[in-house]
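Structures incoming, each one as structure tokens.
Note that subunit A is present in both complexes that follow, paired respectively with subunit B and with subunit C.
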Partner chain A sequence: MSRKILEVDQLRTSFFTHLGEVQAIRGVSFCLNEGESIGIVGESGSGKSVTSLSIMRLLQHPGKVVGGEIRLHGENLLQYTPQQMRKVRGEKIAMIFQDPMTSMNPVYTIGNQIEEMILEHKNLTKQEARERAVEMLGMVGIPSPEQRLKNYPHEFSGGMRQRAMIAMALSCSPQILIADEPTTALDVTIQAQILRLIKKLNEEMNMSTILITHDLGVVADVCQRILVMYGGLIMEEGTRSQIFYHPRHPYTMGLLKSIPKASDQKQRLIPILGTPPDLLHPPAGCPFCSRCSFAMNICREKQPPYFKDADGHRVMCWLLSEEAPYVEAYEKQKGGVRA
Partner chain B sequence: MSGQRLIEAVHLKKYFAKESGFLKKQTQYVKAVDDVSFYIDKKETLGLVGESGCGKSTTGRTLIRLYQPTEGSILYDGVDISHLSTTELMPYRKKMQMIFQDPYASLNARMTVADIIGEPLEIHNLMQGKEKAERIRELLETVGLRASHASRYPHEFSGGQRQRIGIARALAVNPEFIICDEPISALDVSIQAQVVNMLEDLQEQLGLTYLFIAHDLSMVRHISNRVGVMYLGSLVEIADRNELYNHPAHPYTQALLSSIPIADPELTKQKQSIVLEGDVPSPLNPPTGCKFRTRCRYAQQRCAEETPQLVEISPGHCGACHML
Partner chain C sequence: MAKYIIKRILYSILTIWCIITITFFLMKIIPGDPFAAEKLPNAAVKAAISKQYGFDQPLYIQYVKYLGNFVRGDFGISYQKAGVTVNKIIGDGFPYSLTIGIWASCLVVIVGVSMGIVSALRQNKIADRLIMVMSTLGSTIPSFVLATGFLYLFSKTLGIVPAFGVDEAAGYIGPVLVIGAFSTAFITRLTRTSILEVLQQDYIRTARSKGLSEFRVIVKHALRNALLPVVTYVGPMIASIVTGSFVIEKVFGIPGIGKLFTESIINRDYTMIMGITTFFAVFLVITVLVVDVAYVLIDPRIKYE
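Moving on, here comes the complex of A and B:
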């Protein structure tokens, strides 16, 4: 096992709205190893984006981290001053966002924006910064980068803008790249290009990546370890094959069953009934219990702890407790969801 | 499934004029739909896939005359509806309805659910008063909402519920043909399956015909009987769903299918992926000949000179490529 680079410990983030406290993240813990690529999947409102914004300390009012620790190389980022944090962003952790149009400044050229980032963090001259920017644009596969530096964001297509964002994020060689739905706004053929690029950079630069997405197909391709989030909590964590072939949490199973399989026969989809919980009034027990077909009494009353096995697979579900009754339908689904 | 033709597009074209230059003297055309022909049988679902800007939504909208076609004809039950006047078109409007992509933008925020669903009934002078209220209640139940929801406003509903309201509105006038324009793209994965199952049930119960437009290729495979692939305004391939997904003939279809992320790590490793280079060219200035040639692995001299026509390569399977 390689070295831990980032540890998130019992993180809690809330939004203090006029209606009351919305508990977007309710105690999330995970770690990221060096050179590893993890995926966070979940539906909208499950807290996956808020997790990444909390790590970057980019939450805006009324959002606030209310508890827990985020440790980068053992140092708690939550205690950093804004100046120290500025150094971390870009240099140690970089982030790319879903919408490459709104995350770039439309009145500066692409080159300007990449150079600004380099000059901020590195002790380089303008000339050197420009060379570095050309090199980065070339690396992410933008043809004739010297000319392209002089373009404005609107002169780039969606896929190229996302490449330019990646070039900007990587220009100071960060140790961690957080990609928040990097391909959601793009077409499938462009998505394939961007994912191949992220995968290549992850392997070649030994950079750790956190990929946040709602698309299970994307994590199946890119990530080694997967966290499934729901209702502000991590429901299940496991390696790629554990999550896809041996899911234990009813929510993960439900997600996998609700996407169509590539088969010649027309099979009926099995949806997860109901809607996600309202985090303004989070349920006392398991957040998934109102939609879970195996829900027991205890699920409504008490939030389940994590049940772990030796190889790092952890699941927040009472069904894995030793005292839980034997539920045949559940046992049957555990192994054979994809079969 | 082969039955009667319900709707047919014959050499359909839709160009949008873009004026530019001094005093707007230069006019360029965006060929959003460029010579597209296909048919849909009764009670069938035709899926239409392609990247953004390929003209799939414009095709759908032109088909039900939300846009006036530039050229070509639209046959509905054998009648050419491409040049009917607004009044003549009214009975056809009742037969053709649409479900839109964005459940947030497609419902008027100032109308109650009852008003939204009741509006088509009023426009077509179908029902009034008690009868209308009864129909609205019935429609709400059909799409899995409660009758008590009728007096609420759209903002009180979640995305999936709003899409159900949009579906209820489309069903209000008992249509035969519904265009589903990316009906599930804005919804969460677990909600998508709910809506797709409902669309399938409704098709079964009411004998509906669908044109299902989407960019999610695996969902299109799931719901469609036949699938058409569009690229830059042209239909490049059309076939039965299994035929298309198992034996894609056009290089673009092959690349498109290989770039779908599959939620199965083993299959992902096995499949050979064809990653296309570059972007879709601007529709203002599309390449000559075959429009796909700039990104095609097999492009030859001939592709730049001649525009390939849609030819039948096996029964029901047509492709537009010189290689075929």
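Moving on, here comes the complex of A and C:
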């Protein structure tokens, strides 16, 4: 069985604004195995990106991790000194970001920015770093990489820039790649190419991947395990087939119902009504209860614990409690929304 | 690049021609002339002088003549200081303004940019607040108040610097500090804002995620981008500082070009006005040109078609 490489344990991250403490992440736990690819999905403000920035310890003021542990090979990253953390960034955990247009420094060449990262972590000469950069650019499918190395980011298209970002992120062969909405800013056709590339490299380099997205279609392609986040908490975690064919959480069900299907039948998309919770004053109970059509009294009063549905499938919802009443509409839906 | 520079030089010449033309006609529109009637014994004398200087000819002939002389680098003879060429007067006054201007520009760029950096990196801490208070004072206190205050403290009370003139090197300290104060304050704020803005950019986050040291992130990735707006401001600022200030030169007793310019306007010294304006224009156009070229070197996105 594969080894755990990264464990996030009861992570809590807050933003200390002048209005008060915004609790962006309120106790998130998950683990990542060697060579595994997991997806974190959720809507804007659910805490996906903050989770990834917390792992990299790249949160900017006023954001701060206020509790929990992030263990890489069993060592708590939160106790690392800034120097130790720099060794982790790029070398052990690399990251690619949402907008390839703005994620590269406009005044330096692509080559310069990739070589800089290699020189920072590997004991190579400039010439060797250049060769490595050429090799990486070629690997992500950029034609005539020797010439392209001398280009500036504005001379690349969006898709090529994201490829270059991936080349840069992987240039030091990291053990973990965190991709924060890597395809959101790209055309659909380019999206597919980039996802295929990430998947291919993930397998070739035996690297673990955390893919963060609001698009369930993206994780369906790439990820073996999926975490559904909402209101700073993981609502449901399961394998790809568990989440898509046997969802247990009303929020996950709602997400799946809001995806258009490529069938002949004309069908209305069903939106999830309401707005996400205010994390400045997080609700005492389940954060989704105000939008949930199955909400019970206890949902408003007490945050549900995780209920295990099957192996590796956990759900934060009172409906899975043994004491929960039988709800016909709910039981109907969980039979597989996408089936 | 060479093509771009040539193109820019041609545009610059056009700009200078526009400035000369506008100044020439504006100057003639102002009531009064250098040989106002009350200063002369009678109308015959006035007519003779007018004829000698060519004032009796139509304006367009005077204009064409002036342009012709200008192209040959001849700014003419001052009407007030009989027999002295404008070229010589500018040549005598400008070195003082230039010396002060260069030192003040160095002060502004070095002190302004470094205080801006410190301020941005220590945002909302004590150093930042102190610098912000200083820069607010620097940009709000009028230069003549600063100049008087400086003279009172360092010349009258402490006796470190001479009260008047620039015969000794210490005499330059006051004018340099006072002339540079406003721009230093301005550049400090500009640099601070610019850095704080750049530090929010995605590529800074990328640079940090690569495991680079904070020093490298700031110096390599943030500064080069943050200094673009500063460079834009610095060009015209140097031109304005180097061309002198009437008030400062008056207070510190410096025979600089700023004082000459103001006096020439009051006296309707046509050739002096034209000479100095044109000189300033050429100077400004050159600094702007240098800034534009520097821009291209700093930011590869800017194309010199």
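As a working rule, the second predicted complex is superposed on the first by the 335 of 339 C-alpha atoms of A that agree within 3 Å, B and C clash if a C-alpha of one lies under 4 Å from a C-alpha of the other, contacts with A are read in each partner's own complex, and residues count from 1 in each chain.
As a convention for this text, a contact is a pair of C-beta atoms (placed from the backbone, for glycine too) under 8 Å apart; a residue touches a chain by one contact, two chains touch by 3 or more.
Quantities reported herein were computed from a predicted structural model and do not represent experimental measurements.
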Superposed partners subunit B and subunit C on subunit A - clash or fit: fit
First, second, both or neither for A:91, with subunit B first and subunit C second: second
Contacts of A:260 with subunit B and subunit C, given as first, second, both or neither: first
Subunit A as apex of subunit B and subunit C, Cα-centre angle in degrees (nearest 10): 70
Partner chain in contact with A:174 - subunit B first, subunit C second, else both or neither: neither
Touched partner set for A:58, first subunit B, second subunit C, both or neither: second
Greater subunit A contact set [subunit C / subunit B]: B
Partner chain in contact with A:104 - subunit B first, subunit C second, else both or neither: second
Touching partner for A:117 - first (subunit B), second (subunit C), both, neither: second
Touching partner for A:39 - first (subunit B), second (subunit C), both, neither: neither
Distance in angstrom between the closest Cα atoms of subunit C and subunit B, superposition on A: 6
Shared contact residues on subunit A - subunit B and subunit C: none
Residue ranges of subunit B touching subunit A (in the complex, touch as defined): 51-52, 158, 160-161, 188-194, 196-197, 200, 215, 217-219, 221-222, 242, 245-246, 255-256, 258-265, 267-268, 273, 275-277, 279-280
Subunit A residues touching subunit B - in the complex, by the definition given at the top: 43-44, 157, 159-160, 187-193, 195-196, 214-218, 220-221, 240-241, 244, 254-256, 258-260, 262, 264, 266-273, 275-276, 338
Touching residues on subunit A, where the partner in the complex is subunit C: 56, 58, 60, 82, 86-91, 94-95, 97, 99, 102-108, 116-117, 120-121, 152, 154, 165, 168
Interface residues, subunit C side, partner subunit A - complex: 200-203, 205-214, 220-221, 224-225, 298-301
